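Two complexes are shown next, each including chain A; its partner changes from chain B in the first to chain C in the second.
Presenting the complex of A and B:
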């Protein structure tokens, strides 16, 4: 397999095409693996300690070989960059039609560097590529930007698909995301701020080419069997009906939500905890990518009869909220009306901002208010306008969102990089340590679910290469207590047992490798929960990958490829100074016991250190420093990475 | 004979049309409970509950926990008065 990499230097306006050879796929699989390699190479000639908002940063978009191939496994594009909010490795996935439409132009990877002197957008129409004036788009949200570009560029040779930033990205808010076709946000790590700093408002693509498949008959056979496997599972139909919102009742039952800044783990309010929203809000189904056999997406359109608050949003239509949109609004902020939860999802998507970081930033201050730790004078100084900081008050929450998106007051500026930096800055300003109320891991916002009863989950948050994150280590063997998977991976049930530390760090290490493969294939993560293809991607997706690319790696080699990809992300973070002491989680997760749900009394501290030790041991890294060893890197054919780390003083000694 | 309560959530509730049931089991096993459930609710319940490849409880996209929050498997035994919740095993998004 070969691919085309489009390199765009916004400072000079130079645009050039580069071939990504088969040998690169042999080593980095595709998708996020190749993105990581492109960024690693970039920072061998640019200062890795640069300000992420400077022209020296790079923004890479890539899409893996399975995406849009007809495999039916969903489509995810990947953006990769140095994170402006966390100052470390940053990446984020997004679905929809943009990622595979770009393949139809002939380009599968884009690397953007420099800074344009004025706002521009990048237009790719098959092999014709140009930078165009975007002054008429600047100041627009992602919905309007997408609509204007679709109208402006038309439907020939294909409909126009876009990747764009909203006002949050334009204002270089650290937690700004990048939005695909105005519907699906690459939310994590601040890619929107990187594009904003480069004056790049959008990428618009139109293509009518095809995708080369090495062995089409092999892919078609695999795809047919994959579809039949999904068809046999009634749970897939349940997932089509509810999407990730099916988790609401499960989490309510076991106590796994994130309520009021993590003070509780169950939602409050009958409406928000019931299944009634399915009938009232699920108006029609939507296929996210046209290359997915599951099709879990849906849209709502509010007519004002659904709930009390729905009268405020008559006519509003958008994607049905995913679980984490709900977890951030109904959980972190205690919003109890579904119409408001749905509106929160649309609002943050239109502005192009991560609702996990946003909700944890807002809920931090709401908890201070609840505890009388913030005075009326403090509120006046922070906001410059009235602000109740009242849980669930959607009008005031919208004002808080505006403050951050438009950087319009001290609060907005302080919390633009998420809750960790925000709480540090606030504590410094006030001369008092409020960090015990900040919800984070490794400097990133906690994602809005309960952690404490789940040792693998806690470990995921502490070690994820992009700051606290559940989508790198995906501790579902443990959360769903999958004894069957524990048996397959480790020869016993221990990894599924919540009460012991055994195999929890090992689970993180192995699943990180598998997730790296999924992200490099370019498929959707939801298959992890529904089909063996998801939780054993080296085995079940392997044949599809080989048929498409001609990279003849067996399961063992693919797992090694996943491990190599993870090690490059780790090496990036080691170069910017991250060590074992950065692999940590916030005080509440660590020390404050749960007092509700099915696992009361849980604290992370009980198992945190042994699980972290085990993680490093399974990784083959130095337990004391958390750094990589030359032996492990050479085993993964990454000797040149070890050389770079050694030169930077970021390789384990001995 | 033991008595076991069931709680249905999300897709399980949609198939059964009920928030829960009570079953009397001659054999105190999850296997017997699964048989009574599929006998009572038919093919859709069977397709949701049983993995046709292994004849185990379907593990993909589903979750079954006892009153202490422990996942149950088809080979497990049950105590009289136990409640088993049938849940959708989905996360993230």
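Presenting the complex of A and C:
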């Protein structure tokens, strides 16, 4: 397998094509693995401690070899950069048609550096690549940007698909995302701010080239078997019907939501907790990412009869809310009307901003107000206008979103980098420590779910390479108490037992490797959750990967490849100064017990340290400093990475 | 999925010319409008199966997904959906073959699908506007592409994310599939005796909506 990397220097306008050889795939699998490597090499010649909003930062887009190539497991593109909101490794996945279409242009990887003198967009039409004026797009939201570009560029030689930033990215808001086709957002870590700082409004692609499959018979046989296994899998039908929204009911049952900035773990309100909204939605058609056998997504169009608040949004049409759209609105902000939850999803997508960081920033202030820790005068000072900071008041929440997106007042500027930095800045301004109410892990905003009873999830939040994160080490063995999987992985049921720390750090380490593989394949994680043999992408997708790429790695080698990818992300963070003390979580999770749900009285502190120790041990890293060892890196064929870390004083001693 | 190089399909022993009296069609392939999720699986699978050297390219697919919100159907009145544009296998003779100046269209004796013999085709593109449903496509190379039913085992139907096998599993999931490939032995007789308008909806869907035929899916 070979691929093309498009290098674009926006400062000089220079565009060149580089071949990514088969050897790079042998080592980095594809997708996020190759992205990481491109970024790592970039920061060998550029200052890794640069301001992420400076021209020195790099923005890499990549799509893995299984995406759109008949594997039928969705298409996920990957963006990788140094995060402007967290100042560490940053990456984010997104689906939709853009990563599908870009494969047919011949360029599967794009590396963008420098800064354009004025707003531009990048047009890739097969091998014709140009930078074009984007002054007519500047100031537009992602929906309009996409529509204008589609109209401007037309349907020949193929439909136009776009990756664009909204107003949040233009204003370099740290938590701005990048949106694929105005529908699906690469939300996390602030990729939108990086593109905004580079004056790159959008990337538009059109292509009619093909993807060459190394062994088509192997792929077709695999695909046949894969489909048959899906047909037998009951879990698929629930997924098809409700997508991630299926989690609302189950999480309500076990107490795993994130209510009012984490003060509770169950949703309130009859409308939110009922299943009716999904039923009401389902009269509308499903929509789908590309090349996916499941099609879990759906569209909605509000006709005003759905709920009290729906009268406000008659005619609005967008994708059905995902679980985290719901978790951030109905959970963190306590919005109790489904039409408002849906509107929240559309609003954040149009502006191109991450709804997790956004909701945790807003809910932090709401809690301060609820507890009378700040006065009306303090609020007026912060906003420059009156602001109720009332839970669930959608009109007020919309104004708060505008404040952040348009950076129009001290609140917007202070919380543009998410709740952790926001809370630090606000505490400093007020001369009072409010960090107790900030919800974060490793500097990243909380994922809006309850964590405390689940030691693997707590560990995920503390160690993930891009800050608090559920998509790097997804602790499903434990949350769903899958003894069968624990048996497969560790030869015993311990990993599924919530009451003991055993194998919790180990689960994180192994699943991080697997997730790194999935992200490098370029497929969606949902298929992995439906794997009947247990979540094993090295086995499940192994044959598809080999047939498509001709990289003949067996399951063990693929797992080692996944581990190598994780180690490079870790090395990046070690180079920017992150050590064991950064692998931590916020005070509420650590010390404040849950008081509702299936597991009342849980605090993370009970098991946090032993689980973290075990994670480092399974990783082969130094337990005391959290740094990587030369022995482990050399075992993974990363000797040159160890040399760089040693020169930076970021390698474990001894 | 079975790889079926197109060449095999166009070298059958007995070929029916357009206008010949042909036996009744047993199996019919058709797509319901606005039921499609735009997952593109059919395009990917179709192009791979028809590619001699293992290439995936939606522009080489014989089925294309179109966004047509302006074409609501009785099945989906909201009209928010996508449309799988694929040959409706019009019956005898098909309009695409009627306009062909070199008689490059033949019937595959096994499936009775009209297929294009690429050796006889001069790429004049008369069949593109000649098709009432815009489902004869042009590849980037100029080659004309039309559904050939994969020799009787259409891969798009097997791969579709709303394929019948995945649907209607109790209360969990209940909806209409997009692509049908099923026994419709009365189609030719009915379409001759009681013709319905060849409008945008398509013959099969029109007949289904008019209650002239029924579908098990």
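Just so it is clear, the second predicted complex is superposed on the first by the 645 of 654 C-alpha atoms of A that agree within 3 Å, B and C clash if a C-alpha of one lies under 4 Å from a C-alpha of the other, contacts with A are read in each partner's own complex, and residues count from 1 in each chain.
To be clear about the criterion, a residue touches a chain if its C-beta (ideal position, glycine included) is under 8 Å from a C-beta of that chain, and two chains touch if they have at least 3 such contacts.
For clarity, every value in this text was computed on a predicted model and none was experimentally measured.
S.K.: In the overlaid three-chain picture, which partner chain does A:295 touch, first (chain B) or second (chain C), both, or neither?
M.R.: second
S.K.: Which holds for A:550: it touches chain B only (first), chain C only (second), both, or neither?
M.R.: Neither partner.
S.K.: Between chain B (first) and chain C (second), which does A:236 come into contact with in this model arrangement: first, second, both, or neither?
M.R.: So A:236 meets both chain B and chain C here.
S.K.: Touching A:323 in the superposition: chain B (first), chain C (second), both, neither?
M.R.: In the superposition, A:323 contacts chain B only.
S.K.: Check the residue A:481 against both partner chains and state whether it touches chain B (first), chain C (second), both, or neither.
M.R.: first
S.K.: So, A:610: does it touch chain B (first), chain C (second), both, or neither?
M.R.: neither
S.K.: Given the touch rule stated above, what does A:244 touch, chain B (first), chain C (second), both, or neither?
M.R.: first
S.K.: For chain A, give the residues common to its interface with chain B and its interface with chain C.
M.R.: Overlap of chain B and chain C footprints on chain A: residues 234, 236-238, 241.
S.K.: Okay, in this complex, where on chain B does chain A touch?
M.R.: Spelled out, the residues of chain B in touch with chain A are 7, 9-11, 13-15, 44-45, 47-48, 52, 56, 58-63, 65, 68-71, 73, 85, 87-93.
S.K.: Under the definition above, what is the set of chain A residues touching chain C in their complex?
M.R.: Going through chain A, the ones touching chain C are 68-70, 72, 100, 104, 157-158, 208-217, 219-221, 223-224, 227, 230-231, 234, 236-238, 240-241, 283-295, 297, 299, 301, 317.
S.K.: Going by the contact rule at the top, pick out the chain A residues touching chain B in the complex.
M.R.: Going by the criterion above, the answer is residues 232-239, 241-247, 249-250, 253-254, 275, 322-325, 449, 470-471, 476, 479-485, 496, 525-526, 529-532, 598-599.
S.K.: Under the touch definition given earlier, write down the residues of chain C that touch chain A in their complex.
M.R.: Counting only chain C, the residues touching chain A are 1-3, 34-41, 44-45, 47-49, 51, 53-60, 76, 78, 80-82, 140, 158-159, 161-162, 165-166, 169, 172-173.
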